[in-house]
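Per-chain numbering from 1; labels A, B, C and D assigned in written order.
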Amino acid sequence: MNQVQVGMIGYKFMGKAHSHAYRDLPMFFPKTARPVMKLICGRNENDVAQAASQLGWESYVTDWREMIQRDDIDLIDINAPSDTHKEIAIAAAQAGKHLFCEKPLALTLADSRDMLAAAEEAGVKHMVGFNYRFAPAVILAKKLIDEGRLGQIYHFRGMFLQDWLIDPEFPLAWRLQKEIAGSGSHGDLGAHVIDLAHYLVGDLQEVIGMSDTFVKERPLPSAGTTGLSSKGGVSAERGPVTVDDATLFMARFANGAMGSFEATRFAAGHRCTNSFEINGSKGSVKFDFERMNELQVYFVEDASDVQGFRRVLATDPAHAFAEAWWPPGHTIGYEHTFIHEMVEMMDAIREDRQPVPNFNDGVKCQAVLEAVDQSIEERRWVAISEL
Amino acid sequence: MNQVQVGMIGYKFMGKAHSHAYRDLPMFFPKTARPVMKLICGRNENDVAQAASQLGWESYVTDWREMIQRDDIDLIDINAPSDTHKEIAIAAAQAGKHLFCEKPLALTLADSRDMLAAAEEAGVKHMVGFNYRFAPAVILAKKLIDEGRLGQIYHFRGMFLQDWLIDPEFPLAWRLQKEIAGSGSHGDLGAHVIDLAHYLVGDLQEVIGMSDTFVKERPLPSAGTTGLSSKGGVSAERGPVTVDDATLFMARFANGAMGSFEATRFAAGHRCTNSFEINGSKGSVKFDFERMNELQVYFVEDASDVQGFRRVLATDPAHAFAEAWWPPGHTIGYEHTFIHEMVEMMDAIREDRQPVPNFNDGVKCQAVLEAVDQSIEERRWVAISEL
Amino acid sequence: MNQVQVGMIGYKFMGKAHSHAYRDLPMFFPKTARPVMKLICGRNENDVAQAASQLGWESYVTDWREMIQRDDIDLIDINAPSDTHKEIAIAAAQAGKHLFCEKPLALTLADSRDMLAAAEEAGVKHMVGFNYRFAPAVILAKKLIDEGRLGQIYHFRGMFLQDWLIDPEFPLAWRLQKEIAGSGSHGDLGAHVIDLAHYLVGDLQEVIGMSDTFVKERPLPSAGTTGLSSKGGVSAERGPVTVDDATLFMARFANGAMGSFEATRFAAGHRCTNSFEINGSKGSVKFDFERMNELQVYFVEDASDVQGFRRVLATDPAHAFAEAWWPPGHTIGYEHTFIHEMVEMMDAIREDRQPVPNFNDGVKCQAVLEAVDQSIEERRWVAISEL
Amino acid sequence: MNQVQVGMIGYKFMGKAHSHAYRDLPMFFPKTARPVMKLICGRNENDVAQAASQLGWESYVTDWREMIQRDDIDLIDINAPSDTHKEIAIAAAQAGKHLFCEKPLALTLADSRDMLAAAEEAGVKHMVGFNYRFAPAVILAKKLIDEGRLGQIYHFRGMFLQDWLIDPEFPLAWRLQKEIAGSGSHGDLGAHVIDLAHYLVGDLQEVIGMSDTFVKERPLPSAGTTGLSSKGGVSAERGPVTVDDATLFMARFANGAMGSFEATRFAAGHRCTNSFEINGSKGSVKFDFERMNELQVYFVEDASDVQGFRRVLATDPAHAFAEAWWPPGHTIGYEHTFIHEMVEMMDAIREDRQPVPNFNDGVKCQAVLEAVDQSIEERRWVAISEL
């Protein structure tokens, strides 16, 4: 299979990121299967028509059911709001389409399990959009751990800090409504940290969390939904924020490591601090997405007079994906995580194997999210195995 | 009272730090009361005689009871191992001496309360050695919060990370034995973080923690106790580590802020990362003791095109204690926190008021330490008010 | 003019960067003219055919003369080796084509002046590829200076540090041969620093330099030319390096500021440190391309207790080009400088004005490069006006 | 010789720093000779009496001639204004006293040579106060170079940036008057950079510089001289600044390395950025005095996937002087450079050898300072050997 015909549902923030990835992929990764930007789907015809034109899709539809029936579509890319994922994914799987689904996989663990079951039953490829795994610096962390260069892991400390909700007049966007978003900072940001913890350190065993909504009411948006960074107009009316502004939790990993997790949209000065630190018996690594090309690396066994965290710029030929891009030191950005992600999706289809991360990872993440929610409600440690 | 005659018990790490503080204080802070280095006490006569000579004490004794009976001593400085604090402090208070006691105040909350009661009953000054409060950059953080420049506080994130126990052959020093040290990383390092949280954000309301001892047995030291950084010789025999290597906990502050705390001696690459970050509705601050002269400061209301964390070097005339030292940019070090601490002790005696932090702060810290311990044992949230 | 038909000559490092820019531009900047990737030119038919396919060009030719004769080409993009720029640019101008020429504009000042004259005579648009001007953080520096927020400029300190030539067995690539490259680190890296100095601070008045070639002979490449980062095979034979490995110079700006410049390929640990610092009477800025999304900004008039360099992440709506990309904190990379550059080229054509930087800037840069060369040869200060 | 009786001339900034060093030295370095703070000298009796008391000197005199005649003085420490150094040093040497002289050794190269000759003729120990050599991180850089771990040195880049003169209303302090200070930023700050270059890389061969005085007139101080950071009162009258505000120069080292030097008091945001970077064939080091405990270290031969500058905190047992202080990670400050410096002075006297750096180093530094001055005046490269 040398090309993959893609139908994509959704065309906002993630739709743009995915479109760009499909568009750039053949130029920089010519050896994998080529995604063909066949069809885009959105409910508003005017908007989706314009998106198709701007983002470079051959044509569009307004009903995703139509899309999944077409013979000329191999892969369905779902990045519509989270409450639509389940229905679309299951129907698409049943129609024999490969699946790429943005995170969170679904609004509930049960739903995400249904999606996984449907995908497995249909025998299609399924992938979930944990794009941060695909920063070369993160892949380097994974490599160091897998090769035993950090030794036994003692600590994982993960935080995703943003500050776009600090202004109490920021409107009640869809991401602040539980029935659409499912969750607030926990599901939106925390999910990424949980996935990185799974990827880098392994499964969690038990968790206990705490959570808060600092600003409990916000002005309603005057028209339409509101994106991440722009405020749009607001109306005089206010509505309740039904998701968390911040969620913290502690965890014990199955391998004994101790974990500390935090997700917040109220950390002034942090635009996108998706960060982690991992300490092992032989070394440590630190990552901060605001400097996504860098990994800080420390080795216990360095000569005694020159021990210190190294600032490794993951743009050398020794680093994953780097040679496809520019010479060492010429950095890449946020959008490249999506391109690399789609390389994995294309490779998996071409090589007839499941991509990683896939719906299993999405389910695992969802289980942790819900275990944390339960631990908050019941004020007790909750084992992942309870769910 | 223009001079204060000091008797000090203990002459190791803290004894050296305190002696140096007394010695330097009159040169840099001539306006406060002058400490007179009268008498030092240690059990081993040879060692204490040598310490007296090297550290600059007029004379020495080997029995602290003798010291507290002397008329020419105004202040007793207790930095002997933690298990001796209570008895000495109470006796010294009853003898009418002012008290400076290293942290932890005592091995238990009950003991620390007894110490506070004794000091209050005796009407003496009492201070506890939370020296990190006295870094000018930390005082700047306090000032910004007190002046409302960070707004309402949402998050406190405190970590004290060290790595001196990573080597499993590091011997079973006294700090690893519960009966002497009382606690491991939690009481030694975590106590500092808790105190900074109290100082900067306010009282904690409830906590839940987790804890581990990664290396459960260690070689016994071949002779005598072992200091922090040097290994000394070890014997072939091994003994159990009876304190925690790492303790994490989450907390709710009385003012609603969310707290995350961590203390570990297993964070490879961190020699002395006593760090915190505080996020408020108007700004944030970040501190890391390894760069103790710096405070990172962010203001929400900075002009929209130049928002970012400022690296403030707290060595300007606008910063606490800075003018007593060197011109701006000429940094100070760890030992200066002790000098500033002793300035507060001297000022308090001279001005006939209680120094800050005092035994009340020591008791409060001890309550949190024990609440965390209890939360770990009982696997549940524990309110500070329960203790 | 809503679309611009592009013919591009060259398809290596810069050819890939430009192609990608043309390809991405319409997706992120739909309001400017749309570049149409019409025709690509290279001497080796197999290679250029493959490049056309991979990079997304409609068709290809092997003779640039054929390209510039075609009616369906509006803009000629020249990124072939530097020794070809002059002939192509003049012929293309005479054929009425708009010009985009990679830096260095030409091998000599005289040649670059001829190119400018030809472009002006033909009345076409002309732009030169100083892409670093288009990093949003650099544009922010420019804005702060233009708005007077840094006051009178006292110091410019610019350095472009790389380390890819440290290995003495790295082969004698074309960039190390004077007859093709014109210059070594001076023309390749220094040219960018000079242009940034012109852009940010203004014209230079006089210069004096020094230069060296640390590794004087290198193995010949076994076959074909060698790129920047990969070594390829080398033959047993060696040849002389005829360009500089490092060039430093001092300068006086016309406005009185003092300048320090350095370009080297022998700074171990620096992959792509294109950096500058500017100090003015009211503030300072610092930039390092390895962290290209950041500008360090200092203001003299900040409140006295919170003065310090701010780390501004130039990804907010207040920053140039940022809203076309991702939410705040989601960084961009090296390639985006080219996209922004091409937005300027497209805007200029659409608005019928000269783009900036154009051949005038290329000529100015070349004059400084040559003045420095002359100052090195004659061991004296050379005024730019002498040339 | 187990103790050294010290007479010190001067009691301002440097006098305080030296006094503190003498005072602390026996506590932390008990194995070397013990300095005895015998006698302090200053012209104003009230001031010197107060200084004696505050700084801890046994007694004082107002005439340095009296001091050098006393039998109970072994070492004369000269930190009076620079224009007095020569006369005092020569007389003291002739009286058989060991000499410690603050930098700059003298106002002219000729004077400094006379001082060296007098000291050599008298057979006394002589040391010059280049204190920055004594930061443990700087000593680590020296060690790495001496052990060949950086390979052949290609580049030295040294800058001493301050900003205390930015305010044009800062008064005309003695440091701004050529007849007293000898030089401005060049001799005050640049001298330190030159000395570090000598220490770390070796002798300079030739230099060329440029210089400026940005603020040409300043208000006269209302009374007395003015220190570094405080403004004191100013009078309505103004006087000319007769020293440089900033001086830059380029240099060729005798071993072929290329050097770039800068000293300025007009770099907004830099309080005390005494910094250098050295690039060699096997590695690089970077230092910034504002983070004086840290050395950034890079090795070319690190594993290809983890190459990067290491932030080494020079507080480990492997680092010079560190074990005398606190456990790893507990940093030291500016004043410690003086303590270490005095350890070297005491060691040298005890071991009957010349300390390093001594008057030879002072003369060498002075030669470079003057060669740079001459190169500025004559607008040409000046060989050090010309002087």
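Definition applied: a residue touches a chain if its C-beta (ideal position, glycine included) is under 8 Å from a C-beta of that chain, and two chains touch if they have at least 3 such contacts.
Heads up on the chains, UniProt names are A, B, C, D = Dehydrogenase.
Owing to the predicted nature of the structure, the values given are computational and were not obtained by experimental measurement.
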For chain A and chain D, chains touching each: B, C
Let me check something: if the centre of a chain is the mean of its CA atoms, which chain is farthest from chain D? A
Pair sharing more residue contacts (C-beta pairs) when B-C is set against C-D: C-D
If you average the Cα atoms of chain B and of chain D to get two centres, how far apart are those centres in Å? 35
If you average the CA atoms of chain B and of chain C, how far apart do the two points sit, in angstrom? 54
Centre-to-centre distance between chain D and chain C (centres being mean Cα positions), rounded to whole Å: 41
Touching at least 2 other chains, the residues of chain A are 270, 307-309, 313, 316-317
Touching chain D in the complex: which residues of chain B? 13, 16-17, 19-20, 23-24, 26-27, 30, 54-56, 162, 164, 227-230, 270-273, 289-293, 313, 315-317, 323, 325-336
Using the touch definition up top, name the residues of chain D that touch chain C in the complex. 150, 154-155, 157, 159, 161, 163, 166, 208-210, 212, 214, 246, 248-250, 252, 256, 258, 260, 262, 264, 266-270, 277, 279-284, 298, 300, 307-309, 379-381
Spell out the residues on chain C that touch chain B in their complex, using ranges where they run on. 140, 143-144, 297, 299, 302, 304-313, 316-319
